[in-house]
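We call the chains A, B, C, D, E and F, going by the order they appear; numbering starts again at 1 in every chain.
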Amino acid sequence: MVDLVTLGEAMLRLSPPTGERLETARELDCQVGGAESNVAATAARLGLDTVWLSKLPDSALGRRVVSELRRHGAKPRVCWSEDGRQGTYYLEAGGAPRGSSVVYDRENAAVQTATPNELDTDAIEDAELFLTTGITPALSTTLFETTRSLLSTDTRTAFDLNYRGKLWSEAEARDAYEELLPAVDLLFAPERDVRSVLGYDGDPTALTARLREEYGCETVVLTRGEKGAFADTGDQTVEQSTIAAETVDAVGTGDAFVGGYLSQALRGESVERSLSYGAATAALKRTIAGDIAVVSEAEVERVLDDEYDGIDR
Amino acid sequence: MVDLVTLGEAMLRLSPPTGERLETARELDCQVGGAESNVAATAARLGLDTVWLSKLPDSALGRRVVSELRRHGAKPRVCWSEDGRQGTYYLEAGGAPRGSSVVYDRENAAVQTATPNELDTDAIEDAELFLTTGITPALSTTLFETTRSLLSTDTRTAFDLNYRGKLWSEAEARDAYEELLPAVDLLFAPERDVRSVLGYDGDPTALTARLREEYGCETVVLTRGEKGAFADTGDQTVEQSTIAAETVDAVGTGDAFVGGYLSQALRGESVERSLSYGAATAALKRTIAGDIAVVSEAEVERVLDDEYDGIDR
Amino acid sequence: MVDLVTLGEAMLRLSPPTGERLETARELDCQVGGAESNVAATAARLGLDTVWLSKLPDSALGRRVVSELRRHGAKPRVCWSEDGRQGTYYLEAGGAPRGSSVVYDRENAAVQTATPNELDTDAIEDAELFLTTGITPALSTTLFETTRSLLSTDTRTAFDLNYRGKLWSEAEARDAYEELLPAVDLLFAPERDVRSVLGYDGDPTALTARLREEYGCETVVLTRGEKGAFADTGDQTVEQSTIAAETVDAVGTGDAFVGGYLSQALRGESVERSLSYGAATAALKRTIAGDIAVVSEAEVERVLDDEYDGIDR
Amino acid sequence: MVDLVTLGEAMLRLSPPTGERLETARELDCQVGGAESNVAATAARLGLDTVWLSKLPDSALGRRVVSELRRHGAKPRVCWSEDGRQGTYYLEAGGAPRGSSVVYDRENAAVQTATPNELDTDAIEDAELFLTTGITPALSTTLFETTRSLLSTDTRTAFDLNYRGKLWSEAEARDAYEELLPAVDLLFAPERDVRSVLGYDGDPTALTARLREEYGCETVVLTRGEKGAFADTGDQTVEQSTIAAETVDAVGTGDAFVGGYLSQALRGESVERSLSYGAATAALKRTIAGDIAVVSEAEVERVLDDEYDGIDR
Amino acid sequence: MVDLVTLGEAMLRLSPPTGERLETARELDCQVGGAESNVAATAARLGLDTVWLSKLPDSALGRRVVSELRRHGAKPRVCWSEDGRQGTYYLEAGGAPRGSSVVYDRENAAVQTATPNELDTDAIEDAELFLTTGITPALSTTLFETTRSLLSTDTRTAFDLNYRGKLWSEAEARDAYEELLPAVDLLFAPERDVRSVLGYDGDPTALTARLREEYGCETVVLTRGEKGAFADTGDQTVEQSTIAAETVDAVGTGDAFVGGYLSQALRGESVERSLSYGAATAALKRTIAGDIAVVSEAEVERVLDDEYDGIDR
Amino acid sequence: MVDLVTLGEAMLRLSPPTGERLETARELDCQVGGAESNVAATAARLGLDTVWLSKLPDSALGRRVVSELRRHGAKPRVCWSEDGRQGTYYLEAGGAPRGSSVVYDRENAAVQTATPNELDTDAIEDAELFLTTGITPALSTTLFETTRSLLSTDTRTAFDLNYRGKLWSEAEARDAYEELLPAVDLLFAPERDVRSVLGYDGDPTALTARLREEYGCETVVLTRGEKGAFADTGDQTVEQSTIAAETVDAVGTGDAFVGGYLSQALRGESVERSLSYGAATAALKRTIAGDIAVVSEAEVERVLDDEYDGIDR
C-alpha cells in the first residue's frame, strides 16, 4: 500500500539562462516539470511512498521524464504510447517590468488520450490518498473523463484547483470544477481562483466555509500567495503565513507547498504542522532552480527551527 | 527580382553535447534547421539574393527561426500564425555502433496549414528559381497541395527528392513524386531514393536519363553519398567526387551541396563549377556544428584551390 | 525609402560571467554593441525600416557584427576594409562598491578612417531620419569630419551627446558639439553631459530652452538617468518618469530609450507616446543581458499597460 | 524476489573537459561510478529487477549517489553513516601518448566499514544472483570479510576479478581470490588478471578449464579486451568477438559487458546470446560519456541486428 | 626577507551553479580556498612579498593548489607528500531561508601530518610577520604542535581565532587558544568567537582589553561581522564600520579583511588606514566569486575614495 | 642566477568551441599564448628557473597575462605601460578541408614599443641562456632594435626563426635574420623557413652545416614537422623522429619542443636526451588545449619510457 498516488502530465521544461531570451540563447537548460509530478517528487523526497501515473511517448524524451522522477524517489507507473508527443514548455525567466514568460508546447501530448484502463488504477485503490489538479482535466476531454472516473474510487482524494488561463476559460473551468469537486475530500484552493473562477467573495473563512458546504470537502486549504495559507477542517481553522525567501525560481512553489503539507498530513500530523511544513518546503523551493523542491526533511526542519545563519561551517 | 526562393519548414534543433544522451543531459544546444531553410541560408551566404517562405507560430520560438535565417543574410517572408506549433527536432549525435538519432517533434507545426494565398507568391514569380524538397509535401495534405500549386508558376523550379521514411511510406512518396516531378526543371535526386522509392536501377547514366525522360526535367543532379555526384543536362554528363572532410556534424550536408551548387549555377557558371562548388560547400559543412553551412565564398574557394594547410598564420 | 539610418562603430563585447574577473575567467561571453548600432537594432525590432552604416574589417570578426545586426532586422550597409581592426570592449559587471568596468580596445578600428564617399550616403538621403551620437566624432578626426558632412544633408537629423570621458576631454567634446549641433534637428541630451560638458545649469526647462535657442534644435529630449526624461518641442514640454526595472545589465539602456522613442516618433506618434515607449523599452533592456534591447512591440505594450504579473501561464 | 543484487562502492567521478588538465580546469563534470553500481544500473536499464547494496555518508554527496542509481531504475538499499567519506575519483581523459589518468580519492570511504549486519542481506537471500567484484574486498579488511560472508549464502553468486593495482599488490589479490573463488558460481575473469595475478598461462580454453577445476566455478567468462570474450560452462565453450566502437569514454566498458551478459543469462537466455548482448552493451557504452551504459534494450538489439546507419530519419 | 609567511591548509572548493543542488548538478566549479592561503593571495595581490607554507599530495590536485596561489603572486613553499589526501570542500550557495551549506571533505589531508622540520622554517625566521589561524591547530594533533612550535620563533606573529564548529568543540578550541595566544603579537578575533568560545562579555573595549591583558597581545583587531571592526593597540582604539557590498559570494570575506589590513600595517601605515583598507578589501571580495579577493590596489583605493559610479566609461 | 630568460609578446587567445565559427559562437575560451612565453612556461614547468620579459598594458588584460605565466611557475618581469594595447588572437580550430584559422589582433600592442632600458636586462646578464624568436623582431622596428641589442650581451643566446607570413615578407625576414643570427649560439630552425625564407636547399645535414658556417651558430636544431628534428653541434649530428599524438590542439607544439629541449640541455644533458625530451613534450602538448604544454616532468618521462597504456588505475 502506497501513501500517495498522483496523476497528471509532466513536461520537459526548456529555459535560457537568466537575462537571455528564447529568441537568441544558444543553450537551453532542460528539466522536467508538471504540477502533479512536482507534488509526487516532493512528497517522495520528504518520506512518502509515492506513485505517479501518466502516459508518455515511448522515446528518449519520455524516458527522460521517468528517469527524473525516479531520481527523487517517486515511482512512475506509466503507460508507454506509440502515439502522442512529449509535452514541453519553454520558460523564460524575467524580472520587473518583464514578467517570466511561458510558451506551452503541450498540444497532442500522449497523456491527453489516457483512459482509466490504461492507467494503474490498482495503485489508486491501494493508496491512502489520490491527488490530481485542475490542469489534468483541462488538457483534453478524455482526461476530464479520466479524472472524473478516478476521483470516484473509494480512496481518499485531493485536488488543487490550479486554474490555467492558457488552457481553458474561466467558465469552462467552473463547469468542470462543479462536476469534479463533490468527489474531493481534501481541496487545495488558490484564493485567486476561488474569487475569479468560482466567483466567490468574502474573507478566507467565508471562502472555505462555502467550499466545504457547497462540495462537501472535508478539508479546504486556501493558498493565498504572499498572504500565506488558511485551512478549514470544519472543526478548526488554521492560518499560516508565508516564509520569506530569496527567489531563484518561483515555478513549482505551490506544488512544493502541497507536497510538504501532504508529507505530514498523511503521517497523521496536525493541520498546523502540515501547513507550516508546506510553507517551509515552498520557501525552500523558491531558492532552487527547476520545478521540483530538491530538499531533504532535515532542511525543512531547519527552516521550521528558524536556523538560517548564512553559512554553516 | 531575387535569385532564389525556397519554401519549407524550419525547426528548432535541440541536441545534447557529444557523448551525452537525451535522457540525461542537462544542457541542450539550440539551433535552427530544415532542408529548404538550410539551402536558403547557404545560398545567401554564398552571394545569392535569397528568400525563404514559410508559416510560423507568432511566438518567441517562431521569431527565433526568423532571427537565425536573417543572420545568414537570407530573407524570411513568413506568414505569422496564431495556431500551430513550432516544429522541433531532437538530435543526439552518435558514433558506431550507435547511430545518430533523431526524435522529430513536428506534429501540428504551423507550416502544415500553409496555403498558397498565405505565402508570398509574388516573391516566387519575381525569382529566378523556386526550390522546395520532398519533405514539404510529406508534411501534410495541405502542404502537398501548396507545393503542387507553387511549382506550377512560370518561374523555373528545383526540387530535391529528400525522402524521409519517418514522414511517409515509399509508396506514398512515389505517388507524390509522380505528381510533382513533371513541373520540376532542376532535380536533385539522392541515388538511394531513386533506387528504393522510385525503384529504378542501373548505373548513374541510366538513372538520370530515365528521370529526364520520364518527368521532362531539364537537369538532373544525382547525389550519391560517399560516391559524389553526377549531373546530366541532356547535353552532357559530369561526375564529381566527394571531398574528404573531418566530420563534426553531418546533418545538412546535402543541403549545403544544393546551396553551393545553386550559388554558381544561378550566376551562369558551368555544371562542372557548380558541382565542385557544391562538393566543397558540403565538405566544409561537415566540419561545422549545426544544420547550416556557416561558410564564406573565400573559404569555398580555398577548398577548391586545395589550400588546406592545417593552420594559416 | 527607409525610416532611419544610423552611423557609428559596433564593437565586439567580451564579458566574464557575473562575479568573475577578466583576470581569471576562462569563458568570455561574446556579443556586439555600439550606441548607434544598438539604436538601429532596437528600432528595427520595434518596426522601423532601419539601416546601419559603418566600416568593418573584412574578417570573421567584422562578419560577426553584420550577422548580429541582421538577426534583429537592421540592415547593415558596410564598407569592408582590408585595413583597420575590429573594435572590441571588455565589460566586467560589478556591484557596489565595485563598479562595472569597461576596458576599451577600439584603437585603430577600421571605422575610424570612414569617409563619406565610402559610406552609403544615398541611404541617408532616402531616409526620414539620420542619427549618430557624440561617440562617433570622438573616435577620430576623420570621423569628426565625416559626421559633420553627413549631418548636413537635407535629411532630418538626430544626435545623442553621449559624452565618453575615455575618448576625449570635456573641452574637446564641447568644441565638437558646438560645431555639430547647429545641424541637428532632434537632440537627445543626457542631463549630466549638458551640465558637465556644456556647462549649463538650471532646471530641465532652462536646459532644453537654452539648447533649442543656442543651436536651433527643433526638439530636445533631456535624458535624466533615474529622474526620467524631459522633452521640449518649443510648443510643449513633456515629462516622463523612469520605469523601475530589475537590472540584469544596464549597458545600452540609453540606446534602448532612443530606439523606443524613435519607433514611435517616426510614425507620427505624440511626444508623450514616444517618451513613454522609450522609457518602457529602456526598462525592458535592463532585464536583458547584452547591449541590445531584444524585445518585441508586444512586450513594450505590456509594460505600458502595466501588465507585469510575475508569470503568465 | 529480485533478479540481481550487487555490492560495492560507488564514487563521485569528477572530470575536466576533453583536452583540459585537472591542474587548470575551472569546470569539472560530476558523475557517479563504481564497478558494481555500474553493473546494477546497466542491468536495471536492460530489464532486470536490481538492488545495489552499499554504505554511504549521510550527506548531499551520498544522496547524489543514490539519486543517480535510482534514475537508471536500480534500487539502492543503503546503510547511511555518520562516519566515513564519500569516495571520489578524478578522471582526466587523455590520448596517446598521454594516457587517461585516474586520481583515486577513496580513502576512509564510509563503505569501507560496512559489515554484513549493516547491509540488507535479506535482499541477497531473495535474489536470483548476488554479484560483487575484486574491488570490494580490496578496499578494506572489513570489506574483505563482508564479501566473504555474503558470498556464502545459498544464493547463486557472481564475481569479477577486476584487479586494481592501485588498491593492492598482485600477491595480496591472489591470496584473496583464493579464499573467495570457491564460493563463486559465475566468474568473470579478465584474461590479463588471470595471467598476471593468478599466474596462469595457456590459451583461453586452458585458462577457463583451470579456473573451473581449481575453484569449482560453474561458468567462467574470460574477458579479453580487444580480443573479445570466451565462456566455458563445462558443457560448452563459446567465443565472442569485440564489436568495434567509436570511443568517447572507455571507463565502464567491462561493467557494461557484465550488465548486458547478466540481463540475458538471468532470463535463461543461452550463453551465446548473453555474450553477444554483453559485447553490444559494451560497445554502446564506449560511445557514451560516464561510467554507466545509458542504453535501452532496443538500442542493444539494433547493434545485434547490425543496423548502424549513421543517422535514422 | 619576505613580508609575510602564512601556514595552513588550502582545499579544492567544488560548487554547483547558483540555485543548483549538490545532489543533482552536473557541473561543479573548481576553485581553491583556505583561510591562510586566502590571506596570502590577497596580501600578495596588494603588494606584499608573501610566502605560503603547507604540505600537499604530490598529484595533479596538489599541483592545482600551488598553481592557483602562484597566479596571484603568492609564493607556495610546499612539502610534497606521497601520503595523505588533497583536502576538498563542497560549497552550495544558498539564500534565505536555506543557508549556504558546506560539506567538508578534508579528512586525512596531507597537511595534517606536517611537522616543523618538513616546512620551510627559514622563511618564517626571515619574515616580518608569521600568520596562521585557529583552523590549522584544529585539523590534527600534529598540526597543533606544529602551530605551537612555529609561533614561538623570534618573528612577529599574527593569529585569527577562526573558530569552526565542524572541526572541534568550543571547549577544545578554548584550551588550544589558551596555549597558543601567549605567543601571538597581532590577534584577529571574531567577536562571535570571543563571546561563545572564550566566554567573554562586555562591549568591544572590554573584550579587546581583556584579550590584551590575558594573553599579552600587542594589538587586537575585533572583527564584528556587519558591525565592522574594532582595533585596540593599547595606545589607542579605532572603530571601522563595514562597507556595504552587493554580495556574490561571502566566503573569504574575513580573510580578505586580514589580507587588506596586513598589506598596510606591514608597510607601517596607521591602524586607521589598515582597518579601512581591510574593510574595503572585504567589501570587494563579496562581489567576487571564489574564496580569494581577486582585486588590485587601485580598486581598493577607489573604494576608499568612494568612487563607485555604476560604470566607468 | 636564473636558467633561462625569454623575451616576446604574449597575447590573449580567444577561441570558439570545436566546430563553432567565430562569426556565430556565443562563448569564447580565453587563454594566453605567445611563442617565447610558451617556451618560458614549458621550461618552468619542466624545472628551469625561468624569467619572461615583456611590456604589457596596465589593465586587467595585461594582469591576466602575468597571472597565467606565474601559474606555471615562470617569472614575468614586465614593464607596465599606460600606452599600447594587449595583443589578442582569435583561433578557430578547423579540420580538413577547412584549416584552423587565426585572426591576429596585435596591432599597436604595448610590447611593440619596448626598448632595452625598459626591460630587465640584468636578468639577461645573470642568465645562463637568453632566448627570443623571429616573431619578436617582426612586430615593430623598435622591437627589431631591441632584439638586436639584447642578443649582443655576454649571455649565451638562443633563437627560433619562427617565420610568420602574416607579420612580414620573406625578404624582410631574411634581411632581419641575416643581421641577428651572427649573435645566436643555439639556433632552432624550422626546415620550412630555412628553405623558403633563407632559400637554402639540400638535406638536413647540408642545411645545418650551412647555417653553422654562415652565422657561426654553435648548435643548430632543425625542426622538421612530421619528420622530427635534426641537431648539428659541429661534433655530431643527431636525428629525432616525431612521437605520434592524438591531436587536440596543435598550436604551441614547436614551443613545447623548444621548452622541453632546453629543460635538458641547460642541465647539461646530451643532445640526444634533449631532442627526445623535446619531442615527448611536443607530443604531449598536442593532446592538451591551449598554447602551453601543461605537463609535468613525470609525464614526459612516461612518454620516453613508452608507458602509454590507455588508462592507469
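Observations
In this section, contacts are C-beta pairs under 8 Å (C-beta built on N, C-alpha and C of every residue); 3 or more make two chains touch, one makes a residue touch a chain.
Here the structure is a predicted model, which means the values were calculated and not measured.
Of the two interfaces, B-C and B-D, the higher number of touching C-beta pairs belongs to B-D. Chain pair C-F has a twin interface among B-F, A-E or A-B; that twin, with over half of the contact pairs alike by residue number, is A-B. Rounded to whole angstrom units, the spacing between the C-alpha centres of subunit A and subunit D is 39. Rounded to a whole number, the gap between the C-alpha centres of subunit C and subunit E is 46 angstrom. Residue positions of subunit F touching 2 or more other chains, listed in rising order: 21, 23-24, 26, 63, 67, 71, 101.
Remark: subunit C residues 14, 21-31, 59-61, 63-64, 67, 85-86, 88, 90, 92, 101, 103, 105, 107-108 touch subunit F in the complex. Contact residues of subunit D toward subunit F in the complex are 17-21, 23-24, 94-102, 104, 164-166, 250-251.
Contact residues of subunit B toward subunit C in the complex are 63, 67-68, 70-73, 296. Contacts from subunit F toward subunit D in the complex involve residues 71, 243-246, 248-249, 280, 283-284, 287-289, 294-295, 299, 302-303, 306-313.
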